[in-house]
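What follows is a group of structures, each given as structure tokens.
Shared chain: chain A. Partners: chain B in the first complex, chain C in the second.
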Partner chain A sequence: MLSIVILTFFATLVLFLGFSKNRDLILPVSVIGVALAMLCYMTQQTLWDEWFMNMMDVKGASRIFSIVILAIACCILPFINEFRRRGSEEMADFSGLLIYSLIGGIMMVSYKDFMVLFLGIEILSIAMYILAGADRRRASSSEASLKYFILGAFASAILLFGIALYYACTSSFRLDAEILQNSLLLNLSYLLIFAGLAFKIALVPFHFWAPDVYQGTPTIFTATMATIVKVSGFGALYQFISSCGIHMSEWLYWLISLVALASIVVANIMALQQQSVKRMLAYSGIAQAGFILIGFLNLQAENTWPIIFYLIAYAAASLVCFLAVHFVEEISFNDNHSAFKGLYYNNPFLAIVMSIALISLGGGPLTAGFMAKLFVLNNAAHVGNIALVIFALIFAVLSLYYYFRLINQMFSYSKDIKTWRIEYPYAGILAALCIGTIIAGIAPNLLVNLIK
Partner chain B sequence: MISILYLILLPLVFGLLISLLNKKWSSGIALAGAGSTLFFFIFFLSQFDSSKKIENEFSMPWIPGINVDLHFGLDSLGLFMILLSTLVVPVGILASIKYSNYRRKSYYVLMMTGLSALIGFFSAQNDLTFYVFFELALLPFYFMVLMYGGADRNRALFKFFIYTVFGSFLMLAAIIYLRSLATIGIPSDWSMLYDIELSLKSQTWILAGLFIAFAIKSPLFPFHTWQADLYSEGDRPAIIIIAAVLSKMGVFGLLRFFNVVEDAIHQYQTPLIVLCIIGILYAALIAWRQSSMTRLLAYSSLSHMGMIAAGIFTASLSGLQGSLFQMLSHGLVAAGLFMVVDSIMFRTNSSSIYGSSGIASSQPRLATYFFVLCLGAVGLPLTSGFIGEFDILLGLTGVKLIFALLAGLSIILGAIYTFRFYQKSMFGEANSTNSNWSPITLNEEYALIILSILVIALGFFPASWLDLADQAVSSFVQIKSKLQ
Partner chain C sequence: MSAEGLIHLILWPTLLGFLINGIFGSKLSKSTSGFIACVGPILGFIATSLIYFTVPLLEAKNIVIYNWFSIGLSNPVNFSVYLDHLTLLMLFIITGVGTLIHVYSIGYMKDDPGFSRFFAYLNLFLFSMILLVTGSNLVLLFAGWEGVGLCSFLLIGFWFKNPEYNKAARKAFVMNRIGDLGFILGIFLLAIKFNSVEIVKIQESFGELSKNDPSIILITLLLFLGVCGKSAQIPLFTWLPDAMAGPTPVSALIHAATMVTAGIYLVARMSLLFNLAPFTLNVIMWTGVVTAIVAASIALKQNDIKKVLAYSTVSQLGYMASALGVAAYSTAIFHVMTHAFFKALLFLAAGSVIHGLHGEQDIKNMGGLKSKMKVTHLVFLIGTLAIAGCPPLAGFFSKDEILASVYSWNALGFIVLAFASVFTAWYMLRLYFSTFHGKYRGDSHTWDHAHESPWIILFPLIVLAFLSIIGGFAGMPEIISHHHYVKDFLKFSVVDHTHKVSHFFEFTLWGVTLVVLAIIAFLTYKKYTTVTKEDFEKENTGLSGLLWNKYYLDEIYAAIFTKPLRTLGSWFKNIFERQGVDAIVRIPGSIVTKASLELKPLQSGNISWYMISILLGFLAFALLFLFKF
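Right after this comes the complex of A and B.
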């Protein structure tokens, strides 16, 4: 609870800093705010935990989800400086909104009451609607923002409808409310809540917004959308299934298997022919979400770490990809496949980090992505769902096609060489994420012990 | 006891050195790295006590949840292939020196990474370590061909990549399935995996997955279609290593998993051997009519790999022993032949076997080394090729005489296509461009001399190596006889 207070304070402070002409302070202040909030979780600070009538729980898995969200934010915040380089004035607004969205994310992963979930989703989403339209000079950015807003509002309505039905059945918003009778209405409410969350995560069949919105949004905020929103969504789903899952055990198993399989199949097939790298990464993100969902098949307290491991591996790799795409876009003004041609000869560092990230997304050996896939598939094999394992593996092979198509582009020689450098702080963040990806692949124990 | 991990890390250290120092040193450092790895390995070899099962072990806890260790060690099976890798990678580097002006530092870094991944693969002591390094060894060579291959490389490389990755995912599925069947404890090394009791039905499924994975990698008929394209479009020094060592990874895998799927191999022995024999003859006939040197070598390689696989499926002592020996021998011969082709193509810029006609008179030394390697490829007595093929045919005779006769045909066909290749490319009328060739360089000559000497030496003195091969495979056949 203390961390939310800290984040609110710093976000507001950053907004006020925007009034001054000097913008050098914005980045340090926002990073310090996020780092302080992270520190609260790291030290397991319990101050003010009972606020809001125990509607939030900041222990156990939700603590780890929150740390992951805050750590991702620490990686993204420095890149907001890029807007300043382009002469944009709104840097303080963007930083502030990003920090506000973290509050929403934390509420989503640690709710014990559906009201908090709804508040969290709205706080996160409204910040994201604005950030999607951050680049006002491009019509596509506004279009993405509007699309995301309309569809997001629709999804929120579905979620609210589910929550209302839940209240009708249990006369309570709490997750641990007493279930008097397992009625059809209650199951319907679960299904609607699941659909609302699946929209935020972008799972098939609620994924249609993702490619369009990802493509139009300024790439730095696409990175936010692909990581922070997804991690928050999965955190919320985790809270939901871990407490309500027992009441829907019969069909939950099939629902999860089906949605996971559909996400993996549809997204991987759609990604094959994308010319825009951001769209491809959007579909890849949907497929990865399908894989993560497999981890929910066997959800017990000791089995949460594969999900979190996968989320961390996915977040690190897709952060690197999107941020690399950002730099390529800066030079060639589009994110088509052809823009990546010969990237290795223009900027070897960027090509190498992006290749490592893509290999990790594809589940290449000795990367975090491989371990993550192995953990969740092992989970599915344990439940006896061998068919799902085989389908997932086949489509994982298919996904390597489009990841390596991009790698092929980056390493094939191109005549127009524009050598350019990226600044050291940015390079440092990208390199750290890649090295972390490889270390987690060689010695996954380190990360797993941290999660546990 | 020095842990084998140092042998795996040594090339990586040199790779780091290459990336830090000036570009003009990189080929030299790479050669020094590969050479010192070879000498370090020979030191391991001199310490090797074949009575023990695994030596120079290294293991550390690796994957939590599944409780798998990262486990390496030296055993008599892996010994052969590590020797082959450490011998062939320096050859590849020697071949690449003439191109080194066009190569970036990363080329040699990849070469060193590849060597270390290969050593890791051949010394892997459990299935998941094996799997991870199976995939990992692919990546450096993928990038080498991607960055330095021929004009049409993208298509060829992609075919290769998709094939191999598809195969290795099948292998992963087979491994996950195998592990889910382990009832007593968690298997931590090969011998524990061999002890898992499997029904014939599950063995069949596992064999199907593994066979496709390894048949793609080797390649074996009918999963070979990537091979000729890749061999003719790839970066040739990398292709030397791919043809000599990476192609052995598949059949090596069959040997590694032999005991896991033994009953299934016995059950489906006839169809498997028939498939191999079709591949042997089909590839030999195609090789006969090739006019491109690289394609000819690709199909000859396919034919020989079919022979090696047939030897494994005989599940007899002499067949297995011959296959293991032939893996080493064919690796050396294939590396040598690709080296010769590379030397010729560097000078003529054409892959046609007619492109270099008549150079035997102006390049007698090249022609001599080439001839020795051809003899090894044909399997003439007193060359290394003879011993392995003889043992394999002996094993095939034990299964059915007709198999041995049909497979034996490939020796005649092999002689036809190999000597046709030799005759067309070396003799005949010299055209004006071929008479004023630059002589072969010392680097190329070193590599060719070493390989020729090894081909002859293994042919004259095979005994100690055959003993070692015997030790490596006899345990497989013994376990079987105990069951019966």
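Right after this comes the complex of A and C.
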């Protein structure tokens, strides 16, 4: 629990640093804070754990989920410096809020008590509502923020309703509460909680907010939403299903299959005709979430690693994509397909890293995305759900169309060439993510052993 | 150091060299990028020597570098190295000859604008080749196999602005694909039958199989199809002569010394498997014998210096295959080694001639170069004598051993091979005399500028010439010495099934060899020191014309395979695809696109509609639960 204390301290410290004129300190301080928190998990620090009365658990999968969340944050934080170039004064606020949101994320992936889950979701979400509206000059940013807030509140209500029913059935908020009888009411509460979490992850049919909000949000925070929020949501779902799933085995199996299938089918079809790359990536994220959900079909302790592998592969690739989109937006002021035309001739580095990331998202061989899909589908095939595997594969092939359409656009020749480059630290982060993607595609067992 | 550590020194530097030269090549100076490229093979050679001298390899080592993946088979597929004497010998050849050819290339390619690209490809090739001979399972071996094929394709078409060269590269690629199809099918069948792709595991499970088991015959024949493609055996050999379009060091390294012997290595590596299929062994022997004689006869009438050497390579590969076919695996590997020395030498010396004559390759326009290029002349002579089988040079011992092994198995095959070696002596001496002796037949301008190559080119030649002289002593026959180093070295790796031949036969063979060589030398000396340009042109009539046109094999292949396939292809393209497949494929495509457009209005941006759909979705799940459970 030390990590939560560290994050709170550093987030507050960063907010106070905002008072000073010198903003050079903000980035190092926030990165150090996140890195320290990560170190706590790496070294399996158990200091002050008893303060939380066993409402949280930081062992096993929760620990890995937390490390993934913090690692993603480390990659995103440096990019907040971009706001400084625009002359925005709120850099400290953004960094601070991002770190606060991590506390929510960690609570979501390690709760043992639904109170903590609800607190975590709210901490994460409220920070995200504000970050979605970070660009106050653009009306679309404010619109995204408001939309996210209203729909998020709606989803929180659903979740809270589910938790209340759970309490009514078991007179406890704890995940491991004794179930007296498997009543209709209890199952309804499970369904409501599942829906609430599916909203955060953006799974069909609870996904409607995602494309609109992703598009309006400043792209750096879209990257945060697509990665940190999704990983936290899946972490919460993992905790929920691994301890409550036993009570609802068979229909849960159907529920997961249906939601996964719906997400893959609907999102891939919707993604085909999008002109805005951010919207396309939003739908792609929904489809990827469907794939990850397939991993929940065979959820025993030794089978957690395909889910986490997929999450890492997805997070790395979509981080690269969104951050690349951010830089293109800076140049051409929109995120349409046409803005990417001839990117290879203007900024070859960005075009290449983004192509690698898109190929990984599409599941191209020699990238982490391929191995991730292979592991997850192999898992589903083991529990005998061949039909789902076949459908997933068909739509994975379909998804290649819109990924390669963008790659094709980037490499097609455009007449007005004005070369530009991105600064080295940013390029270093993007390159590292891409190299990681390729290494995990060639030697997946390196990463798998790390997760195990 | 342990073998586990040294193996990394063999594997990775070449890959690193490829990455550095491939990514930053354009920014590096020529000397740096040449230096970086040479580091890989030199380190590899040193590490191989260290393993040889310090690690007692009484039994094979299996070094797992990491778990690659584990799906479908009972054992995981590892990225692991299989280290035994056969691997070690191949590593010596690859890194040793590789080093020399890298050094040579620095001088040979120094004016080429694609200098760093060339070295990047060359390093990638070495990496793939090392992977091929060290891989402990067939998947890894296949990865290396495809890697060398890719590099061969890239390097044949290195001067990609010439469409002829691109055609040659494509031809090599396609012919190799035919072979690879057989190879990969063979791997699949092996994986199904033995539930593993590890070479050791497969060889362990042979016990229960009987000889000439149909499935084993099928598998070995499929693997041999792969060998035919890679090692240029009939009917898939026509790509190799065309492959000479690439720069000369490439011809020496890839298309003579290393890559084309990968097929021979594969059969030797799987020798236990092939021993179970005498039928396949017979097929291999006859394919080898026919390849040897056909290619040697074509070489008799070729006028391009590199083409002669190319056909000679095909013919020598035929010798190796026939040795494999009589289960004399260590003999085949011995010939791989000596052939690597003298054929690399001949190609590099030919390259030196071409370099000195500013790109001239036709022997019609050569002659009398002895006075201009003293060192090149000398090393070429050594190479010629070595390949022609003059005692005691390298080629004599290895070829003699092949002839003796084949004789003990099948007399007819022996006679054909003996004729092929007469042809070999003839075309090599013809090449030698018409290049270096007599009068110069080209234009005087080139003659005036003809020059000996610089030392960076000559140095590798001298080393290789030295190896061509002494290389044969590693495997002297029983009548001279009781110590056959190569056979002893390989006895844990391959299982030979050879019969002994009488001493009388050996001696007769040697005597006849010497006499025939002397006669051929005399005849070719008479004929080709006084030959004129017109004589070369007159040669291409009658039977000679048949040879000059390579038995019209290219034309026959074109008529039998290419044309019908083209016609079929254009029918498929214009009629079947446009009106059949395309129309069908477009239906789901248009449905999906339509659906995408139709569904778009759902995402209206209207929050109340979003909330309602969330509720509707939730209700649907709730109803599903109520009715189903």
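Keep in mind that, in the parts below, the second predicted complex is superposed on the first by the 452 of 452 C-alpha atoms of A that agree within 3 Å, B and C clash if a C-alpha of one lies under 4 Å from a C-alpha of the other, contacts with A are read in each partner's own complex, and residues count from 1 in each chain.
Heads up, the rule we're going with is that contacts are C-beta pairs under 8 Å (C-beta built on N, C-alpha and C of every residue); 3 or more make two chains touch, one makes a residue touch a chain.
Just so we're clear, the structure is a prediction, and the values are computed from it rather than from any experiment.
Colleague: Just from the overlay, do chain B and chain C fit on chain A, or is there a clash?
Modeller: Pair status: clash.
Colleague: I'd like to know which partner A:F404 touches here: chain B for first, chain C for second, both or neither.
Modeller: First partner only, chain B.
Colleague: Figure out whether A:A396 sits in contact with chain B (first) or chain C (second), or with both, or with neither.
Modeller: first
Colleague: Let me test your reading of the model: by the given contact rule, A:Y111 touches which partner, first (chain B), second (chain C), both or neither?
Modeller: Neither partner.
Colleague: By the touch definition at the top of the document, which applies to A:L374: first (chain B), second (chain C), both, or neither?
Modeller: both
Colleague: Which partner does A:S412 contact after superposing on A: first (chain B), second (chain C), both, neither?
Modeller: A:S412: touches chain B, not chain C.
Colleague: Kindly classify A:W251 by the partners it touches after superposition: chain B alone (first), chain C alone (second), both, or neither?
Modeller: A:W251 sits against chain C, while chain B stays out of touch.
Colleague: Answer with first, second, both or neither: which of chain B and chain C does A:F10 touch in the superposed model?
Modeller: A:F10: touches no partner chain.
Colleague: Which holds for A:N445: it touches chain B only (first), chain C only (second), both, or neither?
Modeller: Both chain B and chain C are touched by A:N445.
Colleague: Could you tell me if A:P365 is touching chain B, chain C, both of them or neither one (first, second, both, neither)?
Modeller: A:P365: touches chain B, not chain C.
Colleague: For chain A, what residues appear in both contact lists, the one with chain B and the one with chain C?
Modeller: Correct list for chain A: 371, 374, 378, 443-445, 449.
Colleague: Spell out the part of chain A that touches chain C in their complex, as residue ranges.
Modeller: It is residues 147, 150-151, 154-155, 158, 187-188, 191-192, 195, 199, 204-206, 208-209, 211-212, 250-251, 254-255, 258, 266, 269-270, 272-273, 371, 374, 378, 398, 443-446, 449 of chain A that touch chain C.
Colleague: Can you name the residues of chain C that touch chain A in the complex?
Modeller: Counting only chain C, the residues touching chain A are 66-71, 79, 592-593, 595-597, 599-600, 603, 605, 607, 610-611, 613-614, 616-618, 620-622, 624-625, 628-629.
Colleague: Touching chain B in the complex: which residues of chain A?
Modeller: Interface residues on chain A, with respect to chain B: 305-306, 344, 348, 359, 364-366, 370-371, 374-375, 377-378, 381-382, 386, 389-390, 393-394, 396-397, 400-401, 404-405, 407-408, 411-413, 442-445, 448-449.
Colleague: With touch defined as at the start, can you tell me which chain B residues reach chain A in the complex?
Modeller: Touch list, chain B to chain A: 61-66, 70, 106, 131-136, 139, 143, 146-147, 154, 157-158, 161-162, 165-166, 169-170, 172-173, 176-177, 180.
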